[in-house]
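Worksheet: one structure, shown below.
In order of appearance the chains are A, B, C, D, E, F, G and H, and numbering begins at 1 in each one.
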Amino acid sequence: MKAKTLATLAALTVIAGAASAQAVRTERNMSLDLANRVAANAVAACTANKYNVTATVVDRAGTVRAVQRADLAGPHTLEASRLKAYTSASAKNNTLAMMEGAQKNPGAANLVNIPGYLLLGGGVPVKVGDEVIGAVGVAGAPGGNLDEQCAIAALDQVKDLLK
Amino acid sequence: MKAKTLATLAALTVIAGAASAQAVRTERNMSLDLANRVAANAVAACTANKYNVTATVVDRAGTVRAVQRADLAGPHTLEASRLKAYTSASAKNNTLAMMEGAQKNPGAANLVNIPGYLLLGGGVPVKVGDEVIGAVGVAGAPGGNLDEQCAIAALDQVKDLLK
Amino acid sequence: MKAKTLATLAALTVIAGAASAQAVRTERNMSLDLANRVAANAVAACTANKYNVTATVVDRAGTVRAVQRADLAGPHTLEASRLKAYTSASAKNNTLAMMEGAQKNPGAANLVNIPGYLLLGGGVPVKVGDEVIGAVGVAGAPGGNLDEQCAIAALDQVKDLLK
Amino acid sequence: MKAKTLATLAALTVIAGAASAQAVRTERNMSLDLANRVAANAVAACTANKYNVTATVVDRAGTVRAVQRADLAGPHTLEASRLKAYTSASAKNNTLAMMEGAQKNPGAANLVNIPGYLLLGGGVPVKVGDEVIGAVGVAGAPGGNLDEQCAIAALDQVKDLLK
Amino acid sequence: MKAKTLATLAALTVIAGAASAQAVRTERNMSLDLANRVAANAVAACTANKYNVTATVVDRAGTVRAVQRADLAGPHTLEASRLKAYTSASAKNNTLAMMEGAQKNPGAANLVNIPGYLLLGGGVPVKVGDEVIGAVGVAGAPGGNLDEQCAIAALDQVKDLLK
Amino acid sequence: MKAKTLATLAALTVIAGAASAQAVRTERNMSLDLANRVAANAVAACTANKYNVTATVVDRAGTVRAVQRADLAGPHTLEASRLKAYTSASAKNNTLAMMEGAQKNPGAANLVNIPGYLLLGGGVPVKVGDEVIGAVGVAGAPGGNLDEQCAIAALDQVKDLLK
Amino acid sequence: MKAKTLATLAALTVIAGAASAQAVRTERNMSLDLANRVAANAVAACTANKYNVTATVVDRAGTVRAVQRADLAGPHTLEASRLKAYTSASAKNNTLAMMEGAQKNPGAANLVNIPGYLLLGGGVPVKVGDEVIGAVGVAGAPGGNLDEQCAIAALDQVKDLLK
Amino acid sequence: MKAKTLATLAALTVIAGAASAQAVRTERNMSLDLANRVAANAVAACTANKYNVTATVVDRAGTVRAVQRADLAGPHTLEASRLKAYTSASAKNNTLAMMEGAQKNPGAANLVNIPGYLLLGGGVPVKVGDEVIGAVGVAGAPGGNLDEQCAIAALDQVKDLLK
């Protein structure tokens, strides 16, 4: 094969792709202040129902910003809540909805095997408009739907800050 | 948004949560002496039935206190028994009951994917009254229910110490 | 047992196996130039459908040659695409076909537990004739079959180079 | 509770268990010579059917003694064959039988989650009489039952050495 | 050797050890409320000096209770601060002092290789009297001694609670 | 201790910290287009000197955006280049300078033990003004200083885009 | 090159090696009974000096047989003692002597980087005559030489069983 | 900045790089037959000196082709020999020479921290002319230089096959 042909093909590929490209992106992201509020709210919402949980808040990259573990929450809730938050931030979806989707669709059953994913209710994205700027994960309540309720309640309390 | 509003919200959140807080907790926990007894009892109970097992005892944090591996127990029983004990101490429940619950409830099916969890019979919490102070995990018998029987027998022998 | 018998058996075994052996093999393999093209093509094909994906290209050993992650593709797509590519290069098959095969055949169900395997659509081998020289893995589209379509489109654009 | 009671209980426990104990055990184990033969035989048996496999032989502790990977066997076959061998040596059973057992018995379904276990056909114990001295694992054939056939054929060729 | 001798030895061993044993221990431990204060104080103390840090607080078992990562603290500060806290809680010592000790004493040089240890300044135990109930780890300041200063300042602010 | 005192302290802490807080941050970040250019430039700069390298570009979170491995670059260059890029993005500094600093300062010697850090020349931050938006890591040249030269040359070629 | 030559070479290689080979080995190994004694003795010896330690006993394969962690021994002592025992059993030497050797000999300095090795005093082989049948590792005393003293004392108490 | 400028730059970059590119490479690689010979030779050469070693042979990608562990070689020699072989194949150099280089050159001291590297004597590349097609790693002799001697002797016996 000819090197010249290779070069031409490559050049065309890049040109086609680059037309709308921008070298430096501007993004919105989670702050520590917001992360602390969401984590505290989530633990408090669950504590009010006598659920001992950990809440982990991650930024848009899925990296931890804040963690709070309730006094009687088992150690497994640390990693479980982090994974739910990571899953939710990375997939830009609630983990409960993702779990239900994977259970209905054979083609998605093995999503559970993606490293970093945990498909149990309790992970909810944090959004500013349509932009996902992070997520909260809650673990330790006696059911993933209950973990999710605490997460949603926590976000509801900060909705005025997400504008 | 205004910093002042943020600060006020935060202050209220913390105040609401702190009313019943206590900075330093008092907890009961597993001793090495108790851990050795439970591990020895569990191995002995299984040996009496010709089951070659490992018994691992963890404290309330899910961290190992004692391990005993019978002469013909395979190496996989080390980590299997530890995970059962960790799961049981962290979730404050028997692993056999947890497994059966997860198999009946689609929303809990993915509990098996939580790091540190192993949902097979043989993990049993160690309690003083209602307080979980650790757990024992047994692995190697030809069935999780049989592993659990050895664990329960082991705890039965120390019940007078758990008061 | 006799050492002489052992030696004779061994000698025969090796002789039988060695008749067609060759100490040094000649193989074809992926180049960086080709890997870059395939990765770029795959991202572009998905972007055209508004799917934010990562494309990873591996060589015949399953080792990474090129990675490109689209601006809104979550971090989980990095490892998911690499695992699909690795699985496809190592098994010399499409991951979508492997997934469907494992779902139909109970004897293959546990293939999902092989370290390095990810049985979700999106991994496609790169072949020169019948020889597999690597693979591309795509992750991030809303369905493994859609990931696979981007992978196939990417390879279609370089088919003239694979001769 | 009283320390004296504790001590008495403990002493009785140990005495009861120790009656038949022996401080130093005598065991039979796999040699490198045997491991090389079994690995070579297994690869040859599969090659004869045009299956490109890796064969791994472990000792009674589940630790590797010999590995051989055929020229076109994918890299995933290394760890897959080792895990099958480890599983088989540790559980003292064929992995194919273990897989089928786990699929029939809900109480055993989560055996697949034990660290080090891979429940796919191809792992077969190596025995001297009733004593398991190691195992062979084969991976890469288009079906675990076919991997097992190569393993069994390999062991059949050395049966005179296992006495 | 005789089983009877074995049993007698064992019984004596256990009796000797058990005289002062207690099956269930009473311990003091970190609360979430305290952990949140310490983490917030440590981040604030560093922020006042324009150091972007993560503060992690662990309980007496070395398990995380609270994490806060400042807005510009790099992701490596998460694990660095956690390891400093774990090291400090487990060894019951400041990590800065441990590092200096290891650098002076050849016999301790390889302490750096203990899994879970990170011998860099910034980990400080949290004590009630002489009892270590947890630790705080700080990472991200331009020097371990500066990380430690933030940790110490944070604990100084809660000293009235540690009685 | 009194809950009221606790609450007051906490409220004051948060108020003090929140005065300049902002719930949602605006940040600049690496694009795939930029990452591809930098990776290609770095490989080309090294290839011009007959160094076979991998170049990895990460975003401000330290997560991979693009990887290119030259045809004769060994597999270890994949992880080495990624770790250099991660280290550089997370610490906001050149890895060569960090290495030299750690070698001069005993208090920093153990920085090499921070998970994710690799203190070898070749990692260079990508900046827009003073803001670090990612980093490039190069590995495979016969010296970290040479890897760094390729990284710097690669960034020099895109400097007009970083404004 | 000719296949016939290959085969002949191979046959000779194997014949030369096999003359003294034996397919099945007979070995002595650690029992649980012995492991329990050694672990208990080691913890007791250290406790007598007010050192809070974990003692781990492994068999000749380096796999755990018994673990005992004293009531105030930090969690890091679990893995530290296991690694010392593994190192000692695998290298058939005291870890204190290995550490000192590595510190004197530049060619051995990087032994510390071998996976599974921990070159700190406290690991001591258990021997029957010249045959190493396992090892004990102790961690938690304020110095590796002190850990070793407890290990040696523990073995001294069982020397009559090691014949 | 303008998209058009970006596209032009990109096109030029790729064209410049592609002039000598080739999409599909032809490479020489290790065969199983050769790997078996080298591994057997290396173990035999060490056994002749009463060194109990493991020999691991990898292909040009650093992936295992054959492993043989002598009857008294400790389990740590498995991973040590593999890492030496991987290091040698990936860096295309003897590990003994690499270690000595890193010890003399401060800029290379941290090469020991590259994942997959083990800088101890005993890893030697396998070459056909100047092309590295794999490597052998030996571990277990009482000194890396002795491990290397066995590796070199093993390769010397197959030199006629490496043409």
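Assume a residue touches a chain if its C-beta (ideal position, glycine included) is under 8 Å from a C-beta of that chain, and two chains touch if they have at least 3 such contacts.
It should be emphasised that the depicted structure is a prediction, and the values quoted were computed from it without experimental measurement.
Peer 1: Which number of steps is the smallest that gets you from chain E over to chain G via touching chains?
Peer 2: Minimal hop count between chain E and chain G: 1.
Peer 1: Tell me which chain's centre, taken as the mean of its C-alpha atoms, is farthest from chain C.
Peer 2: E
Peer 1: Give a one-word verdict, same or different, on whether chain G and chain H use largely identical residue numbers at their interface, taking over half shared as same.
Peer 2: Mostly different residues: under half of the interface numbers shared.
Peer 1: Report back the single chain whose CA centre is most distant from the CA centre of chain F.
Peer 2: Checked the centroid distances; the maximum from chain F is D.
Peer 1: Count the C-beta pairs in contact for B-E and for C-F, then report the pair with the higher count.
Peer 2: Looking at B-E and C-F side by side, B-E shows more C-beta contacts.
Peer 1: Which whole number of Å gives the spacing of the CA centres of chain A and chain E?
Peer 2: Their C-alpha centroids are separated by 30 Å.
Peer 1: Measure off the straight-line distance from the CA centroid of chain B to the CA centroid of chain C, and report it in whole Å.
Peer 2: 40
Peer 1: Mind pulling the residue numbers of chain F that touch at least two other chains?
Peer 2: 1, 6, 10, 14, 17-18, 21-23, 25, 31-33, 36-37, 40, 43, 61-63, 71, 75, 161
Peer 1: In the complex formed with chain E, which residues of chain F make contact?
Peer 2: The touching residues are 1, 5-6, 9-10, 13-14, 16-17, 25, 61-62, 86-87, 89-92, 106-111, 113-117.
Peer 1: Under the touch definition given earlier, write down the residues of chain F that touch chain H in their complex.
Peer 2: Spelled out, the residues of chain F in touch with chain H are 33, 36-37, 40-41, 43-44, 47, 71, 74-77, 79-80, 83, 99, 103, 112, 118-121, 139, 143-145, 157, 160-161, 163.
Peer 1: Report the residues of chain A in contact with chain E in the complex, numbered from low to high.
Peer 2: Touch list, chain A to chain E: 31-32, 35-36, 40, 43, 61, 63-71, 75, 78.
Peer 1: Please name which positions on chain C make contact with chain H in the complex.
Peer 2: Contact set of chain C toward chain H: 17-18, 21-31, 33-34, 37, 59-63, 128, 133, 158, 161-162.
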